[in-house]
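Before anything else, here is the set of structures, which you'll find just below.
Okay, so chain A shows up in both of these, paired with chain B first and chain C after.
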Partner chain A sequence: MSDFLTASFLSALIFGGILTGMPLLFASIGETISQRSGVLGMGIEGIMLAGAYFGFAITLYSGHFWLGLVSSIGAGMLMALIVVLFCVRLGMDQIVVGIGVLIFGEGVTSVLQRAQFGTTYPRLEELASVKIPGLSSIPVLGSSVFTQPWIVYIGFALVGVLYWILNFTNVGLNIRAAGEKPEALDASGTSVIFTRGMAVLVAGGLAGLGGGYMSIVGAGIFVPFMTKGIGFIAIVIAMLARGKAVWVITGSFLFGISVSLTTSLQLVGVEIAQDLVNMIPFIAVLAALIIFARGNYLPAALCLPYNREAR
Partner chain B sequence: MMNEQKVEDQGASRNDDSSTAMIPAVELINITKSFPGVLANDNISLSVWSGEVHCLLGENGAGKSTLMQVLSGMYQPDSGMIRVNGREVRINSPGEALELGMGMVYQHPTLVPVFSVIENLLLGSQKGITLDRQGALNRFEEYASLLGVEIDPESLVGSLALGQQQQVEIIKALWKGSSVLILDEPTSMLTPQGIEELKEVVAQLKKSGLAIIFISHKLQETLDMGDRISVLRRGKLAGSIEPAVFSSTANSEIQSMIIEMMFGEETDIAESVIKVERQTTGRSRESDLPEQPVLELKNVTVKGKLDEVGVKGASFSLRAGEVLGVAGVDGNGQRELAEAIAGQRRITAGDILLNGVVVSDVSIANRQHMGLRYITDDRLGEGICASLSVSKNMLLKRIGQRPFWNWGRTNEATIRKTAEGLVKEYDVRPPDVDIRCGGLSGGNIQKVLLARELLFDPKIAVYSKPTHGLDFKTTVIVREKIKSLAREKGVAGLLISTDLDEIFDLSDRIAVMYQGQIAGIVENQEGIEKKVGELMVGGT
Partner chain C sequence: MARLIEKQILTGILIGVLAICVVCLSPVTKVEAAKKTFSKVAVIAPEEGNDYGWNQEGVEATKKIAEWLGASIEVADGAGYGDVAPIFRDLASGGAEWIVAWASGYGTVAPQLAQQMGVPVLVIGAFEQGLVPGFSTDIETRAQEGAFLAGSLAAKMSKSKTVGICMSADDENWIKMAGGFAAGAKYAKPDIKILMAQIGQAGYADAAGGKRVTRNLISAGADIIFGMGDGSTFGMIQAVETASGANKVWFIDVIGDKTSLDKKDIYLSSVKWDYTPMFKTVIKEYQEGNYGKQIHYINLKNEGIKLLKTKHIPAAVWSSVQQVRNDVITGKVTVPELSKKKDVQALIK
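Entry: the complex of A and B
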């Protein structure tokens, strides 16, 4: 047990945490924006899969990682367009449409994967890491946090961007008003449909990027249903974070690290049944829900479609 | 006085187009707007001039709010034309209305409660990317001093008193440089002191040259504040009083002219309106009430949720045929008290007795069987089920009971027949039991609630703000109902109200709540107003 807190163990733990936490971080940032604007992105899991698949396919054929990640974002936004049209514009039930998007995303990507690659799983080469000068020589953190592909740093930066947008910009204020009291936003002369529509599109793009990270950067392959519920975890994290960027990143990486613990423990040779270890992240989520759910605070108009002339 | 003179001149020569000042700031021409089953506005034309307060008076459901929502771009008219400063415009959205200089203060607040005052004002700003907090704070100070109000711009709107929230609404309506200010029933949720403050604010704004549309159903208010009065009745313009007529005619005469316009042939109702408006009757009724109380509270304590004060050791008793008024500033534990009696909240200490039986642990339904009724003030929330029909709402509390439900089957015919009878008795408009209950106006929803709760032999009724936000015709109907139930049928009434006139008019005794406690119980007699007022603010 003495190897438990060695530098290599911690480094592997954190590195793995980032690997798993990153797609969750992208998705949670998007989901936070969506929820704050009053739209529950129920289909986020399907959107992530679409991003994962298309990003993977484009990277495989073009050989450019960035092109793959951009097409992940595009695929995510296309999927989100369904939500924009049916939920935001036409005011249909967000849960029903969301489940539709989820199943559509799962189905389409599975079918396409099978049609294109059959039972072979082509593998992408690993994305090169960027060492941050100076910081990368810090023990433990240097090799885990500061030696990562560039997309990881973008993810960290996005947390700051989220914080800035929600708290210091007109757009952020509009988004929060759309989720709290859309009538107020409408009366102030800003379109609720537009505000929510943009929020959902951005959320879709980020969820797609999260999926793309998973297949292109994380795994290097695409496997149907590879998101394994990460989208739903993102919904939970966005709810618990209550629009606070710092909780979005904390939640994402706590989950990531608890998943990473699964492999890290095996690395140091701790003999626990694999199934039990696999449960850790989900127990962590349950515990978080039980501990924090009571005090959680959702936007007042979450899930409520806005229709100006409804009486 | 100077100002009024000027306005009068404008009114007299408004057909003369030689000067731009003579063109109305806003003209509504032949506006028609219908909702499924309701013709809300029928061919209404209206003009508003700068530097003038134009009062729009009418019953609940007369179409005042709809007309203003057409003007503010919330609703699209079916037909008709709008002119702003003489130019024809189409107002497709609230944003366009704002650009045309239309500032609207809605009847239901449109502020975000979890935002600070300044954030609410910044909402919808088109300038730049980041929030211009400092600029907004400076402008806020400007408006605050113009209106003479004192509000901390960083405090959360949800924590402000209703009167202050409304002041914020007015500042928000003026924020983008409006030249027309529309106030939709602005006094309906204010305390008397808040109304005085509002009057001052409106006078200030009038002086600065704004055109103001003031919507109200309170006659006295419109006489006090208006330069010009238009009366709407059942979706139609029933008549107007021009400024020239206004200033040359005695108030009492104008009052009868307006009542004529508002009620037409229904003069008997109009007379009772005047009676209520002028004097309160039925004070200090000498009575021989039975000794045994029907409702008794012994040291009842309720823990408040979040920011509520709760109830702290309330004790009183209520005998059959008696009305006990509960006065107090809103938020001093009245709602908690009412819900505790109705059984909707657990009491943490003390006892509630109905007819001498302790009911502290008896369910809501069983308390109803024992003759207890609670008429909530949260009409849209817990009062009715908005998406169900009026008929279903009338019998909402009888679900599964004969003769309305037989062996689990809904007996539509009986429900309809009973509901139709009630709709007729309480004069619910429109008189259609099949329409969505949520589509009714506030006053009519209150009639539905009263009809439902007072059906089937009530013994004790808890009325929570029964006439809050109602027009005076409905108010009279409701107050008469409470009176006659108590005097003729011996229904004990617990009347919780923030309207002191109502308390003095209807109560035999008055309990005053302050900070969750019963600060005192006094007999309702001449000259008690001062005492009650002192108790309300924590005096002894």
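Entry: the complex of A and C
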């Protein structure tokens, strides 16, 4: 086993954890904002796929990674517009509409991929990494955490931004009010529809960015259904973290590192049944969030449409 | 009132969009038409039939058979790994007279449906369970024989004396090939180090997972990656293409031939599978009234399994691999058939 516990191997373990955890982090941050405002983003998986497809396609054709990632955000916001329209504006069932968005995202991206790249399977170049001066020379962590594409650092920064917005700004107060007591927000003169709508759009953009990260940075290619349930994991993380930014990042990277660990355990020859190894990420995230984040709570108006006339 | 009308209109639009999605997702696609023994054949594949791998092999082999029979074909790809009974019934009631159920997971339900609907079926990976005289027959692979050659090739080509096996899923064929590869590598170089890792329980399409696991294998020293996946293979290839290190990293594929997609000259070879000759055999058996009485195998001898020759393989290495091939066919070398992962792990140690 000691043969494998080299700096480069541990670095690959952490690097793999970040590679897997980062799209989950983007999606979880978005889902947290959406849930805090009272809207459950059931269609996040479909939104991520749309972000993944359009991000990949635009990067491939333009040759610019940043343009691809911006397109991912745009595609995610466009998909989220469906939720805004049907759930926020018209008060339709969030779960039903969410499932519709999921199926739509899966179907459209699958058909487009087949038509456009089904015989060529183009792949992208590796996105260049940015070394953080000083920190990048730390053993193991330097080459895994502090030598990453710039989009990873943006992801880390977003957690701080989420914490600040939700806890220290009027916008955050409005979002929380929309999810806790929308009639009070309405009475204060702020539109619940607008607040929830913006929250859902931002959530869609972030989910799209998560999908874009998967196809552009994570895999370098788009294949149908490539999100493999990450969107649903994001919903679980957001629900269990219940608005706490620190638990969002903990849950996301705990999952990512656990997934990466499943490979490491196999390579060092640990003899555990493969089924059990595959369960590690899910058990780790559920256990950590249930044990440590149980004091948090879900918004009172989550999944409840707001109808001004019904006040 | 206006709000109610707006709501009704948008609800209508939503239903319409969903209906379009369902049509888009519908896996049944017409390809061509003609007539002979079976006037219409069909294939059900779990994922898209354009993956240059397992699903494409099944779809393409059925297309060739349809052409050979002069029959029309319906392709139901992207059917998933769950309950395929509704798709099977749709195909049968739509006139399909012979159905290829192209996933080992269909091996239980497909023979039952064949008897219920009176439509003969071909299943994969079901062994005796897939044999129902007159209704259901089964084809298996001796893919480990091809993987043995791939392992032999990898050991001869590796400069780091470390090779890696990346499996997308807990799949019996993958495990058998992993065993064959490991045995072949050790046959060629007994001191070779072999690493093995699996992406997930059913990570066939997990491209990001393929890249992550392959990257870990490379970081642990492997300079030849033997990758077994469907969509996930492209993630493995991406990791090999972008690998940076002292040694060039090569990729050995399975089932299909992705040479045309190899832009970075990393595609060393592939253990190719060709089911077409065996499909013809079972159809002849059906015509003779012997359908479903024995399991068939594709192997090196009947050329259902081959190792792909590419420009990257030096002539001397290819020649020695061909010698190994002859030894396997003549029985001079015995390739182990390991269907349990723990047996493969024991071989690797």
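Note that in this section the second predicted complex is superposed on the first by the 278 of 311 C-alpha atoms of A that agree within 3 Å, B and C clash if a C-alpha of one lies under 4 Å from a C-alpha of the other, contacts with A are read in each partner's own complex, and residues count from 1 in each chain.
One rule holds for everything that comes next: contacts are C-beta pairs under 8 Å (C-beta built on N, C-alpha and C of every residue); 3 or more make two chains touch, one makes a residue touch a chain.
As the structure is a computational prediction, the values presented were derived from the model and not from experiment.
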Clash or fit, chain B versus chain C on superposed chain A: fit
First (chain B), second (chain C), both or neither touched by A:220: second
Chain B versus chain C as contact partner of A:181, first or second or both or neither: first
Cα-centre angle that chain B and chain C span when viewed from chain A, reported as a multiple of 10 degrees: 130
Partner chain(s) touched by A:64 [first = chain B, second = chain C, both, neither]: neither
Chain touching more of chain A, residue-wise (chain B, chain C): C
Chain B versus chain C as contact partner of A:264, first or second or both or neither: second
Which of chain B and chain C A:125 touches, first, second, both or neither: second
Overlay on chain A, chain C to chain B nearest C-alpha distance, Å: 12
Chain A to chain B touching residues, read off their complex: 168-171, 173-174, 176-177, 180-181, 183-191, 300, 308-309, 311
Residues of chain B touching chain A in the complex: 35, 72, 74-76, 93-99, 104, 106, 108, 110-115, 119-120, 122-131, 172, 176, 438-439
Chain A to chain C touching residues, read off their complex: 4, 8-9, 11-13, 15-16, 19-20, 85-86, 90, 92, 97, 100, 103-104, 106-108, 110-111, 114, 118-121, 123-126, 214, 218-226, 228, 259-260, 262-264, 266-267, 269, 271, 274-275, 278
Chain C residues touching chain A - in the complex, by the definition given at the top: 6-7, 10-11, 14, 17-18, 21-22, 24-25, 47-48, 50, 52, 78, 170, 195-198, 200-201, 203, 205-213, 215-217, 219-220, 231-232, 234-235, 237-238, 241-242, 258, 261, 263, 341-342, 345, 349
